[in-house]
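Next up is a structure, given as structure tokens.
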Amino acid sequence: MGEKILQAEKDIHVRFSEVDAMGVVWHGSYLLYLEDAREAFGRQYQLEYLTMYQHDHVAPIVDLKLQYRSALHYQDQAKIVITYQDSDAAKLIFDYKIYNLTTRQLAVIAHTEQVFVGTNGELQITWPAFMIEWKKNHGLL
Amino acid sequence: MGEKILQAEKDIHVRFSEVDAMGVVWHGSYLLYLEDAREAFGRQYQLEYLTMYQHDHVAPIVDLKLQYRSALHYQDQAKIVITYQDSDAAKLIFDYKIYNLTTRQLAVIAHTEQVFVGTNGELQITWPAFMIEWKKNHGLL
Amino acid sequence: MGEKILQAEKDIHVRFSEVDAMGVVWHGSYLLYLEDAREAFGRQYQLEYLTMYQHDHVAPIVDLKLQYRSALHYQDQAKIVITYQDSDAAKLIFDYKIYNLTTRQLAVIAHTEQVFVGTNGELQITWPAFMIEWKKNHGLL
Amino acid sequence: MGEKILQAEKDIHVRFSEVDAMGVVWHGSYLLYLEDAREAFGRQYQLEYLTMYQHDHVAPIVDLKLQYRSALHYQDQAKIVITYQDSDAAKLIFDYKIYNLTTRQLAVIAHTEQVFVGTNGELQITWPAFMIEWKKNHGLL
């Protein structure tokens, strides 16, 4: 397993529709931010959903954890840092930290795990060939 | 064109996540209610999305209008009445009225138009065979 | 801490808008189901958001975990079972199991933790008076 | 009424969560894009929700129209052009055109109308003072 850290950042601007009746970002809206972060990571490291799909795989989320430390408000500026966690198991694992740039506080810590499923519907229990190639290209193997 | 009125009703219970920072249902959340109403209509009159799909068609929305008359609040009980509007053009047209049962006021008036597209991607400019059959079965032809 | 089990159930009907491009319920849509389950629990055990609000408290989610075991598809019937987990810490803790009634499989296991915050913005580190009353009324104290 | 055209633009990147089971942007997801466009307009022309709120007003949408001309797909690049339509009636009226930059096609035409409501809940039937000031500042009066 490599020592290299693969990390991307994504700036967030809180939308009105993401805020709930308590005036803070609804806990579910953060999943949109995590998705934005995964897309930013995919663009930076050539691991986009469409690339996977061209290699006949999709990568559904099987595990999701969020800890909410402080609230984001409407119009707050925030930043997500997404970090790839390499694993022997055939799983795409990401850790996330969302910072409120307005208050300088940590807002949310999150973690997702995705498995690889062939477009034929079969769960892949070992790393697919295109992902082994990807790991090599990024100094992880 | 037939004189028969095809109409269905659907009760709604406002969810916390559907309410915005002003404490009322966010204007976009009503699209979920319209969707619920179309599903209720489909179940009652055998016109479900899956039925269309089995006949190799989908019916995307091409026109959407909403007029907001009074607000719904969290936990308000509401009722949608959905009415089919028959048309010579090959379009599935629905009118909707959403009533706030808590205040007895009309909350929203809406209108949607859907076209028929073959699962091969082709827009159908005449009524598809399964829809002509459906119209006959429901006294519209 | 009491031995009593407080549990509620809620039936779910998968909406078209909750399904993603892979044809299965989008991982974020499950948060709506968890919310529905908490509301069902609140109605059954007199612990609704509005009740809390009348006692000058809100209960934001601070911890959220979901494990996705099998997919739900459009129009699948599902059932959530929500179970209250009593705690010495001033937290409202729920465990959830979502079952796919169409396939008889377990779809999702989830867990949420909520803290009590006064409407003045202050985090409550001990159980608020109205919650101690609630616990007594439900055999937990 | 002035002749000046107030117009803003906003680039859109289609999110995975905004796409439906037909593989195209769900018709309701466009409301998020319209909201993004209104925010971009507000930033450019000093008419943000928070500014209104500081002047003790909110501006709920009372009328919404969308015509869907061509689909947007996952990862498509799009652009919204939002144009302010001045009116004698005390209404904030916007027209929108959403262009698919990938296919160069017009995707959606939209229209929204907002009224002014005091934070005391009262509908304003004439233009509020801060909006008359805003119109003067932007060459509309």
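For clarity, chains are labelled A, B, C and D in written order, and residue numbers in each chain start from 1.
The definition used in the following text is that a residue touches a chain if its C-beta (ideal position, glycine included) is under 8 Å from a C-beta of that chain, and two chains touch if they have at least 3 such contacts.
These numbers were taken from a predicted model, which means no experiment stands behind them.
Farthest from chain A in terms of Cα centroid separation is B.
Just to note, of B-C and C-D, the chains joined by more C-beta pairs in contact are B-C. If you average the Cα atoms of chain B and of chain C, the two centres end up 30 Å apart. In this assembly, the C-alpha centroid of chain C lies 35 Å from the C-alpha centroid of chain D. For chain D, residues that reach two or more other chains under the stated contact definition are 16-17, 28, 31-32, 74.
Residues 16-17, 19-21, 23, 26, 28, 74 of chain B touch chain A in their complex.
Against chain C, in their complex, chain A makes its touches with residues 22, 24, 27-28, 31-32, 58, 60-69, 71.
For chain C in complex with chain B, the touching residues are 13, 15-17, 31-32, 35-36, 39, 48-50, 74-75.
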